[in-house]
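Note that the chains are named A, B, C and D in the order they appear, and that numbering of residues resets to 1 at the start of each chain.
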Amino acid sequence: MAESALKFTWAEQIVCVIARDLRDEDSVQVGGARHDIPYAAVSLARLLYAPDMTIFTTSLFWNPELPPLRHSGQLASAFTLMADAKGSGYDIFESSEKGVATVFFYSGLQIDRYGNINLHFVGDPRDPVIRGPGVVNPSRGVSAKRFYIYAMRHEKRTLVEKVDFISIAGHIDGPDGRRKAGIKTSGPGLCVTPLAVFDFDESTKAMRLKSVHQGVSVEQVMENTGFQPIIPREVTVTPPPTAEELELLHTRIDPDGVLRR
Amino acid sequence: MAESALKFTWAEQIVCVIARDLRDEDSVQVGGARHDIPYAAVSLARLLYAPDMTIFTTSLFWNPELPPLRHSGQLASAFTLMADAKGSGYDIFESSEKGVATVFFYSGLQIDRYGNINLHFVGDPRDPVIRGPGVVNPSRGVSAKRFYIYAMRHEKRTLVEKVDFISIAGHIDGPDGRRKAGIKTSGPGLCVTPLAVFDFDESTKAMRLKSVHQGVSVEQVMENTGFQPIIPREVTVTPPPTAEELELLHTRIDPDGVLRR
Amino acid sequence: MPVKSRTPKLATVDECLSLMHDGMTIATGGLGMFNKPCQWVREIAKRRIGNLILCSSPQASYDADLLIGAGLVKRTNIAQVSFDQLGLAPNFRYAAQRGLIDAVVQAEATLAGGYLAAAQGLPYHAVGTLKGNDIVKLMSFAKKYTSPLGGEELLAVPALSPDMAFIHAQEGDEFGNLRHLGAPAFDPIIARAAKVVIASVDRIISHQRLRMEPEKTTIPSRFITKIVHLPYGAHPTFSPRHYVEDEEHLRNYIQRARQSLGGHAPEAYKEYLEKYVYGPKDVFEYLELIGGVRRLTQLEGVW
Amino acid sequence: MPVKSRTPKLATVDECLSLMHDGMTIATGGLGMFNKPCQWVREIAKRRIGNLILCSSPQASYDADLLIGAGLVKRTNIAQVSFDQLGLAPNFRYAAQRGLIDAVVQAEATLAGGYLAAAQGLPYHAVGTLKGNDIVKLMSFAKKYTSPLGGEELLAVPALSPDMAFIHAQEGDEFGNLRHLGAPAFDPIIARAAKVVIASVDRIISHQRLRMEPEKTTIPSRFITKIVHLPYGAHPTFSPRHYVEDEEHLRNYIQRARQSLGGHAPEAYKEYLEKYVYGPKDVFEYLELIGGVRRLTQLEGVW
């Protein structure tokens, strides 16, 4: 595959991978300003791939305007007041129990081969080396039809063999993990990192290298992954951002270049 | 007691008895246009006795304007749009489970000596002589701190020894009835009829004649009551509507004379 | 840069009712005498979609009585059916008393609890206030149990998720965002509980204008499958800030039902159905029959 | 004819906080970085009302961190405490990691479920979505059980009814009807769950005007015990349509906490408390300290 002449960052690559995977029938919750990647992915998907997708914010505005990402400050600026409707904690409870959000996004301190996510305790939970920020809503990992994992770093200490603590259940311990735990949804869809895209093998439910980003080698991925992912015979290159995607990112979604830092 | 020179109807008498019993700390739900008596009582109480009382309507307007009673037609006219706030079925469920309405009003096809109310089936429930309208919300008989019973007719077939079917629990079968049923609230406060006011004896929880309306004899009450109420040594006369109450009823609450038919 | 645009949910009556079939559990919104989806009920009756399990907000009126009178209902899940101060609902009462329909005894709390459980994706909702009465003995759909935290006796009401719900609001946009100008009553809960939700509105309003005041939206489009513009769609019940109830029409309806059921004029109710339900080809023909612009102007009311 | 009139619920800070005492379970409204009842938190800290069990909407920030930093909290029931993109909450993190407070692991669903149960007067609420993770193993307050209708495994979350709740909204009338101009978030549920609810508002608006548009009221006065006019009462968090968050102030706050906890400048955080919390006699003195009219004008933002 020819290298694209367009310049882009790994964050923009992740945004495009997720955006292309979103669909009109999806319903997604996006968080606040810290969640730049899902926010940009949803913004891009609405413009290009899934205009009918339902979007709601943490503070429960239905189908809000999505103002551009900002470098810092004014969290308030991402707090739009133009929307289809305004909800409250009632909707949050219902939507997280019922899966009114059909799609969700999680990042993690640790992510393991079965897509389990740790946001709470690294080390022994009773005396942790790191106490993470926790997770506001782990329910969506159970109730949403699928979720995306995005990693801000592709390192051995992040992508681990087994998380120290499961904050959000991926496939738990294998193909039957979710079913045994009484979970009916399919769980993690893609795991996207600065280096590669993983999906999950249908039979083992273990992470499988789906593609490496342009300019990244399979070896580089292996060296930085704390477990042995399934490597298919042929690993493709992640289709890089298109000119159209980048133009929208640069002009409408991320004019400040938050994703280009 | 001297007879009042003021003319009034039994409906106005009932309205005044209830209005005087309502208190600032009460929170009451009033129904639609069919419920003239509680509606007028609440309207009068707000003006004279309990200005801080919380009022909400069946369709869940909080502290609404209470337009005057109308003879007929335009149910819509009682449907105010001026209010503190607008609620929905969520509030209805919460308020009926929790007793956000601390006071409620019930009438009945049959009412018995323990204040049990039947609005469903006269005769055998499986093959009733009369199938009543049912009751929208029997929960308030359990969750509200107390409720009022008002009877539109004082007859033996209405005030019965034992109701054929309990739609709303009064004291059920005696002093321990509510507790045995797992109910924590005190239940029926007053039962007001076209002839008299009853309360409930503290020890037996049976209906007790509290007062007879002006011009009504105790014998007349007894002849028209299908059970033997407790008759205290001295039965007082219900204080008739005052000039002030009647003026407010005639000018502001019921100018059409719905309660004077 | 061409970007994609959102697909409107505006639809025709036929498109919506092609989703409906015999035997379905349906729910009607509104409450008592307002916002009843009356034009939907007439359209369903015209198509003779029958064997229905009819739910509603806790209070139904014309909606339930007409579907029962047209012979399309096998079971009702409603706390009370009545025409408020105009009287009891003749067809409902007749059919329930004779066992022609299975009129399940419900209360506001059991219906609301059922819808809430469905809205929350939970199998049941707890209800703690049906105690000491005989109603609960007739509620075979519910189950008594002890709180898992011990002590309190509760009633478990199973989730109630209608196959289709019909809701009437005053305003809505082309994407199905609704605005009730009066009380939304149970419509927001029913919309979240039902599998398919069909809305009608008296008036379609600008999406851009609606978005300026999202706090006025009573049901977001997320919960609406299709929206149809049906002016006066709640007639003869009332539509807050738009029109009052048509008392004359309702009295005529009730009288005809009573005459037929009482045997004095066996054809009276059938004539009502022929004239107002089966006859008109659409809502506009219906509105001409009830008196056209002159009558509708009289029904404007003062809000 | 003289008729009685309604009693306003307007009160002073002292009147409200005389209802509070050591050891209470309190809840703060708002969510993350907006509508946090920050002036209330400072007033509580100034009075050294301690040994508190602090609940919140699922996301807390300055509110929880300041009360913990002032040494007034023994337990927290919050899903996440953080300053969003400005960083983690230093005092919370420090105290939780060292066991100086009992930071109960909660999730949005368990907190919301607890408040909902309390709002509904029920002993518990069912939660069906805490499955397959290790969080639930730490939730000793909740109980696993099987649905009374059979089959499904659920979690029973006990009703959470705070002794007092503190809520900040943009507008309210003298009777305590509140209007959130942005998201009400969990405030409506918390207000219905708590035993005593104290509100502050940036602006008192006319009761008559409020009544013209009841659909804009986000919490009716029924659920509000007292209302206090505290302009900029959410500073340094943001108040939708009124002011944006004070990033400079927040960074200073976080830095001082970090310096103290890290030992680089042990007095830095205490100085913050002395200056902004213990020192000012009221909200107006506080607002002068943070920069007065000039700073507040900068924080207006573009809404």
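Throughout what follows, a residue touches a chain if its C-beta (ideal position, glycine included) is under 8 Å from a C-beta of that chain, and two chains touch if they have at least 3 such contacts.
As the structure is a computational prediction, the values presented were derived from the model and not from experiment.
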Whole-Å gap separating subunit C and subunit D, where each centre is the average of the chain's CA atoms
39
How many angstrom between the C-alpha centroids of subunit D and subunit A?
29
Residues within subunit A bordering two or more other chains:
61, 81, 86-87, 90, 93, 97, 143
Residues within subunit D bordering two or more other chains
121-122, 128, 152, 215, 218
How are the chains arranged in terms of who touches whom: line, ring, star, complete or other?
other
For this entry, which pairs of chains touch?
A-C, A-D, B-C, B-D, C-D
Inside the complex, what are the residues of subunit B that reach subunit C?
32-34, 58-61, 72-77, 79, 81, 86-90, 92-93, 96-97, 120, 125, 128, 131, 133-143, 165-169, 172, 177-178, 181-183
Subunit D partner, complex, touching residues on subunit C are 121-126, 128, 143, 145, 147-149, 151-152, 154, 156, 158, 215-216, 218
List of subunit B residues in touch with subunit D within their complex:
24, 27, 47-52, 54, 56, 61-63, 65, 81-87, 93-94, 97-100, 143, 244, 247-248, 251
Mind pulling up the subunit D residues that touch subunit A in the complex?
31-34, 57-59, 79-82, 84-85, 88, 93, 96-97, 105, 107-109, 112-113, 115-116, 127-135, 138, 152-153, 181-190, 218, 238, 240-241, 244-245, 247, 301, 303
Subunit A touches which residues of subunit C in the complex?
1, 3-7, 119-122, 175, 177, 192, 210-212, 214-215, 217-222
